[in-house]
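Consider the two complexes below, in which subunit A is the common component and subunit B and subunit C are the respective partners.
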Partner chain A sequence: MIESSLDRPKSAFREGLLVFLFTLLLVGLHQTQPGMVEREDGSRVFGLRSRSLHLGDSPYNIRLAYLYRTGDVAKAGSHFHWMSSSIWADNFCDKELLYHLYLAPFTLGARDAGDTSALIWGAKLGIAVMFAFLAWVFWAVLRGFGVKQAWCYVPLIVVMGGAVFMSRAAEARAWPIGVICSLTAWLVMARNRRLDLLLVAAIYTLSYAPVHFLGLLWLVRTLGCLLLGPGQTGLSRGAELRRHLTLLAMIALGVVLGVLLHPGRADFIRLWVVAYVMIPAATLQGPLRDLVFNLVVALNFATEFPPGEAKRMKLGLEFLPQAGTALLFVGGAAMLSPIVLAVTSAWHRHKPRRETLLAMGAALMTLVMAINSGRFFEIAGPFCALASALWVQDLIQSRRMQLRMALRPVLFRRLRVLACAGVFAVFGVLWATGLDRYPPMPRPWRDAAIWLRENPQARDKIVFHANWDTFPDLFFYAPHCDYIVGMDPTFLLAHDVEKSRLYWDIAFDKVDATTVPRIREMFKADYILVVAPINAGLDQECRRLESIGTLRRAYTDPIFNVAIYEFAP
Partner chain B sequence: MTDPEQSRGGTTPAKSRSWIAGALLVFVCAFALQGVMQTLPGLVTTEDGSSEWGLRSPELPHGDTPYHIRIAYLYRTGEIARAGSDFHWMRASHWSGRFVDKELLYHIYLTPFTLGASDINDTAALTIGAKVANCFTFALLALCLFGALRAMGVRRPWLFSAMLIVLGGISFCTRSEESRAWPFYVMCTLAAWVAMARNQRLALLLVAAAFTLFYAAGHFLLVIWGIRALISLIAGPQEGTTRLVELRSLALQGAAIVGGFALGIVMHPGRADFLYTWLITYVHVFLGILKGPLHDFAQSVVSGIGLTSSYSAEDAERLTLGIEFQPFAGSNLLIAAGPAFACLFGLSFTSMLWRHRPSRESVMALGLGLLSVAMYINSMRFAEVMGPFMALFCGIWVEDFLRARHIARGLSRRAGLARKFAFAAAALVLISAAAMWSWALAGKDNRKPSPLNATALWLRDNPRTHGKMVYHAHFDAFPALFFYAPQVDYTVGMDPHYMLAHSRDQSNLTCDILDNNVDAQTVERIVALFDCDYILVIPAMSPGLFQACQEAEKAGRLKLAFVDHKTDMGLFEVVRK
Partner chain C sequence: MFERQPLSWKQTFAMAPVQAALLALLAFVATAWFQIGPGWVDDGQGGERIGMQAVGLLDVDGYYHIVMGELYREGRVQAAGGDFHWARESIWNGSFSDKDYLYHLYLVPFTALMADGPQDARGLIAAGKLACCVNMVLLTLAMFGAMRLLGVKRAWLYTLLAVFFGAGYWVFRVNLNRSYVISIALAIVGYAMLVRAEFTAARFRALLGLFFLAAIYALTYTASHFLLVLLVVRAFLQLIVGHAELSRFAELKRNAATGLVISAGILCGMMLHPSPVNTMHHWWVQSIVVMALSHQDSMGRALDEVMRTLFSKETNYAGHIEIALGMELQEMGGRGLLFDNFAALFAPMIMPLIAAWLRWRPSREAVLTGGVSIAVFCMFLLNMRFIEYVAPFSALAVGLWAEGILASKGYAAWRRRQPVASLAWPLALAIIAVIGAVGFWVGSGLGLRPGNRGEIEQAGRWLQNHKEAHGKVVFHDRWDDFCHLLFYAPDCDYLIGLDPTFFAVKDRERYELWRSISRGKVTDFVPAVRDTFGASYMLVHRSSSDYLYNRCSEEVRAGRMKLCIRDVDDDWALFEIVRDKP
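On to the complex of A and B.
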């Protein structure tokens, strides 16, 4: 059956539509996890097992999209008061502006700010549509490069990105737009379409601020072209260099255009430096990190950035690298494919085309990024898949291979079917593994956030929380209150070193009698949220202050041991 | 690449002399390099503050080195033979009743290096002996790689032998400093690779037997045989043979390896318990280093075939293995394995771009290189295989590339440029090797003995303790204790799995102590379960146990026998009523 479908001619429209719908269905199943659900009386019925959002930034992104819809973000302007102790508090610039605007229609189901169920389903639908679009763009880029039966290669994205890609794909995040723009830019650069590149760079800048990635892709192409020589383009090396410099200028102009079109243009560069220089620097080790930090301070992009404080911060788990068998398991296909493909080509005396080699160069760059930091399998997956697809296509189309295939058509047809089945099988296993996991559950502090939402007294008050990664949920359930910091602790450090120092002292349970008064004084907090299993020191101190009347316990969740304390008047 | 068969015969006397000179050069250089690593000559600050030229490394490196040289000494004095299968020095391990020396020939190899020791307490002579043995071992390893490269028809094998250091990276240099048996298994593997390439089955059988006696992980030969077999089947039969003939030949090679493994076991004095020790060391410990879904999968396979019936997976997960089993990750991995990655990608891409079709032997060597890199990614200790195997791969591939007719023709047309390029490549390899070795040396300073030294010396010099049992919660304290005070018995060493295989209760209690889950009953449980006479406490590592021992001392159940004020380590004696 697969065999016949491989050879059957299809219209591009139908094929593209199938890729889109099939991905939509698969991601939709992943988001909803249909299966047997246990009811309160113990009976089991067929239903949707996944009714919450996955751990991570999804709640923040969908809530922000809702606030764009209601105009609250516009009203706040550059003062993102929800993160009162971060650089966003006065210099807000939405680094994923277009992504949030994309999500806004998915919030239309929500009647009011408290209708979080509708927002959850909206986010799930938004994720499914985004990934269907990503798969479609990948398919379209392959077709743009002349790959036949491009749909066969689409599951390679997951095979190459592995389990990390699957887990990152479960969240509502802006990176798929970055991948879409990168893939499109790669095709546009190959076709030397300057105006298109400018537009892609501008869209990239507006959707996902790390637009410098386009510069890296350009660098790989340029170096590759200079190394490999002009090939069949008929250009001299000098002319080719000029052509590439023009492309670079287009990227730069696109970025400038994107920044100019951005409502937060005044603070864009500063935010970019903090998010894409300081945060990556914090993942570095040793003197290199100190050098980057000192440079940032010297350029006046942050008030102060002491390396000692930066080293204490615990960044998101996504920045940790995969190690050992986990790396082999997740990145095995991506690491092995360049070698296997190169040796296969050498074995058959096939020299791939320049474009194939350039794509492999980009794939190797993303692979290095992914080895350094696990999250980058999100970009390594699509680029390794692109390079592999181009390579396989190139190999199949080579004269020597065509001759061999003509000599032994049955064997090669079987091999094609086998390879196709292998890719789909691995994809199926990875997809099913993701489906089989426990569905996401509400976080322990959800009920505390709902209490804040339901309590009119808490409106517009500042809630201190000692864990920056509780912010997305707090913001999602109770956007009527303001919080300290979210998304990344570097935003707090770049805002105020002293606040950051106190914050991390509390996180590491270095709590004394002055801690709570300092929270009040420095953060202007009205409430303190304590998650006792995480903040044991703060919990103990708050209990002591409650016993002497300095604090009042406003809310208690005995099951998860979460409490909200209010400062006594 | 030349046919290995061809390279054996027809050498002229001049070539033979250059071969010997090359081998000698490799041996002497490797010996000298390791000698520098072992002694660290440099400026030493004397007690009066002045600096003078001296050796900065009078002590053994931390790790298993003290254990190996001590056991070699005990082989020499006949103590091991007397102990038989009861390795009483590790009473709370499965070695106590079912001892099988998994590195038998290595310890016998070390024995002559202990001849300088005047008696059991002459640890200074044993230290020097271990260092000299290490220099020999490292030189032998380099020589063996040189021999394997030459046997595979690689010209200038000395240059590729230097790549051992570059490709193994900093982890390889660090591991080469220790006295361990791994260089011998690497040597055996290299020899087996050549024997398989030449289809010398008897040699393969003998190598497999020697491997088993040097290092019990004889199954590793089957893994590399599997790689050769797989690539042979994918690449198709060699010219002049059929697939069936090749399959038969491969099957016979596999049988030779299994036969050699069996021969090794039969020749081993501990043959009765060999398979049991093999199972614990190479199945259970191996499972402990896997992570994620692969771990779960391997665990279920092993349980499915009934290999873990006496073994609890939950208990095993509590064990903390040695640092050597940890993997490198992130930018550390990119730096440490960077040269290996660069060679894998660089060589295969170069062949493809120059339309060079690699020979079957080259592709098989690539398979070996890939296996070694995957092992290294999984666990950094496998730099020990990544260095030599990647060097072998590079040698075979580059030779193959240079001998390709169109490449050779191109090179002869531009002889001057080719020569300059060869010089530049050789200089790059040698400079990189020197830089890597210097980097490894820069971080070393073995001026101080093991922190356990004073405690162990007290045990040694105190006749009351001889023949008694000391409880220690940290398995990696054993080598130093055993080295300085072999008159005393301990709980476990080398790997915590050995205790779990012996007694689940003992293992869980020790894990509790290491997790600081200590209560008022802990000391009594230690005494009851381990029947120990002393408890060694390292307050910095197990504060809970220290507190419990202090309370037991107040209660009169323990007596503080010794305190090392430098390290705060203490020995509590159990008061018997």
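On to the complex of A and C.
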């Protein structure tokens, strides 16, 4: 049955549609997690287990999309007042503009800013549609490279990306557009379609700021072409280099076009430097980091950037490298595939085509990125899958392999079925693991944020929060208030070193009698949000100031030990 | 008469014994440079002079091993028998079996040659350094020999490249005075013998060699089972790859027979050990329990389940024992992997790519050895210390692949098409790799120079110089202090050394108590230290627990303890526990 279905000719449209719909269904199930739900009276009923968004930036993205819809972002202009102590406060430029515009239609179900439930379901639908589109693009790129039965290889994205890809895929974030553009760019570079490349680069710039990744892909491709020689193109290396330089110029033009089309074009470069030069540099050690910081300051992208302060910032977990057991389990397939495929080719004396080797070069580059920083399995997964698919196709189509297959057709048919079954089984396990885990629950500070939203006095006031990663939730539930910093603490450091110093002193419980007055003075805060299990020092100090009447406790959540303090008039 | 032609320089250097001798000389000189660390030192008169910057041994275990060699020489270990009183709370006390028995005997001549008794710290350190140099010579010759046995051309080059594949951490590890350096040599030679045992003509001699090698392995180092691991990995790969003449089943049977010979050799080694039963128990603790405790959530759980199901024994290795094992047991990954061990990481990807590009069908041996080197690399990802084996196995695998590619028709065709480029590429890669190897060795040598003879040297010397302390027990809050303490004061007894697991396995309650005291969680610790552990002295580090360190000072003021000696930087202090007069 499966054997015959593998060989059955299909129309591309139907195949593509099925890939899209099937992915939509699987990601939809992943997002909603249908199953038995326990009611308050203890009875169990079939329903949707996942009713919140996964940890991370999803709440921020969907809320921003909503604010785009209502025109609040346009009204704020370059003054992103929601992060009052970030470089966004005065130089806002939405680095994921197109992604937020994409999400905007998914917020149409929300009646008003308080209708967070509709926003959550909208975000979940947005995630499912985006991943269905990503799978479809991957399938289309494979078709573009002439891979037969391209749909078979689509689950390889998850197999190669592993658990990290699955967990990143659960969030409403802009990186899938980056992956889509990268895959498309790889295809159009292979076909030497210059205008298409320009367009892709412009779309990339508008939807996801790390557009420099296209430059890396170009570099791998160019070096690979120069190393491997002209191949079937018949071009000399000089002509090849000229052709590639033209492609690079197209990428650069596309980026310039994207920046020019961006409403916040004036601040784009500064934001890009902080987000993609300073933040990665902050994860480095030693003189290289200092050199980068000094350069950034010299170029006037930041007034000061002390390495000591940068060193003690706790950045997102996504920047941590993968190690040991985790690396083997997460990246095992991605690391083994270049070995196994190359050994198989060598064993069968199959010389891979140039395009196959170039794709493998790109895959290895993304793998290095992923080993260095776990989050990059989101890009390593699709590129390793692309390289593997091209390699397998190349191997199958080789003359020797065709001969062997003709000699032992039954064995090779079985091998194909087994390989497909293996890929789908691993995909199924990874997918089911994601489905089976505990559904995301609201964060402890959600009720505090709802209190802020429901309290008219808090409208337009600044809330100090000592953990930068609480921002997405606070912003999601109470967009009428302003906060300190979010998305990444480097935005605070680049904005004001002294504020950042105080912020991290509080985060590390270095709190004294001057701390709270300085919060008032430096951050102009009206409220202080304290999550006692995380900010023990600040909690003690606020309690002390409450007892002497300097602060007034406006809200308490005894279960999660969260409080909001208001400065006494 | 036939006149013998004089050998040209090229012919002389092509001779294997000459290459081996040169490699041995290079290994000795390079290690001696590393161990001595020549450079500018303080001349004590405000100036500088050329001298030895690396005055101590690298890491702590080297001190333990060299002093054990000395204690063997004096017959004190033999006199102690199974009662290794130096580590009172370890499973060694009462059932001692020296897991590095043959290595310690091997160190005896070095101590005899270089030191004047156990008090001669400088002489013993010099003996340890000399042993490191000889270890490196043995390891180099083992790698070279194994490569020659497997038919790798230019084996000398790939022997040198082991440094490139192992990188900085390997250079550090092979410069420690520890028995695993011999284990690496035995493993790589053992692997070559495993391969030789597959040839009918050489099988008997290879099996005989494997038997003796396994016995020596078991007497020298705990992980003699590594030979069996290599065999299992190779046998598994053989099942996949197949054999041109033998059926898979026949090959499996042959491997099973080889495995039996190795097992017999290991068993023989254990039986030859002065205390065979204890050796087996120590092997279990060292190889299985330590691994379970270093991976409590995975291995720990699995071991608990196995013990419950097979032996009806309730263990609790997954029970999150707070245990600070050595750094070497940590997992490897991330930036260290990319920037340090990039050669070992990417070689298995790049070599087959080149082979496929040049249409060279790799030999069966290249595929099998490549597979084994990948398996060893995976072990390294799980446990950093396995870098020890990554370097020689990667070098061997790359040697087989590279020489196979260079001898292939595809490469010959390339030579014809592009004579310059085809010569320049491999030459450039080899030069880069050699420069990398030299860089790793020199860089590590410059960066890793122990500027002192142990942080707690003065505490150890104080104990040894005060006869009233001899025979008494010293409570120490760090298990890795043991090596220095035993080195400087072998006349005292201590609690635990080399691995805290030996304590945790012997008595969990006492272990928890020791840990609680060391972490400053026990307010009134003096009675427990004095009565439960029977200690008369207490060595405490400020960094272990500020609270405990300050409490000790309070106890001195209260008259329950006496200060013996305090570090000039106030990082540690040695106290005497005042016993009530009867």
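In this text, the second predicted complex is superposed on the first by the 569 of 569 C-alpha atoms of A that agree within 3 Å, B and C clash if a C-alpha of one lies under 4 Å from a C-alpha of the other, contacts with A are read in each partner's own complex, and residues count from 1 in each chain.
Heads up, the rule we're going with is that a residue touches a chain if its C-beta (ideal position, glycine included) is under 8 Å from a C-beta of that chain, and two chains touch if they have at least 3 such contacts.
Since this is a predicted model, take the numbers as computed values, not measurements.
Of the two partner chains, subunit B is the only one that A:Thr433 touches; subunit C does not reach it. In the superposition on chain A, contact is made by A:Leu364 with both subunit B and subunit C.
Once the two complexes are overlaid on the shared chain, A:Asn192 sits clear of subunit B and of subunit C alike. Of the two partner chains, subunit B is the only one touched by A:Phe329; subunit C is not. Applying the stated touch rule to the two superposed structures, the overlap between the subunit B and subunit C interfaces on subunit A comprises residues 320-328, 338-339, 342-343, 345-352, 364, 368, 371-372. On the side of subunit B, the complex with subunit A involves touching residues 235, 289-295, 326-334, 344-345, 348-349, 351-353, 355-358, 363, 366, 370, 374, 377-379. Residues 228, 320-328, 338-339, 342-343, 345-352, 357, 360, 364, 368, 371-372 of subunit A are the ones touching subunit C in the complex.
The touching residues of subunit A, when paired with subunit B in their complex, are 163, 283-285, 320-329, 336, 338-339, 342-343, 345-352, 364, 368, 371-373, 433. Touching subunit A in their complex are the following residues of subunit C: 295, 298, 330-335, 337-338, 346, 348-349, 352-353, 355-362, 367, 370, 374, 378, 381-383.
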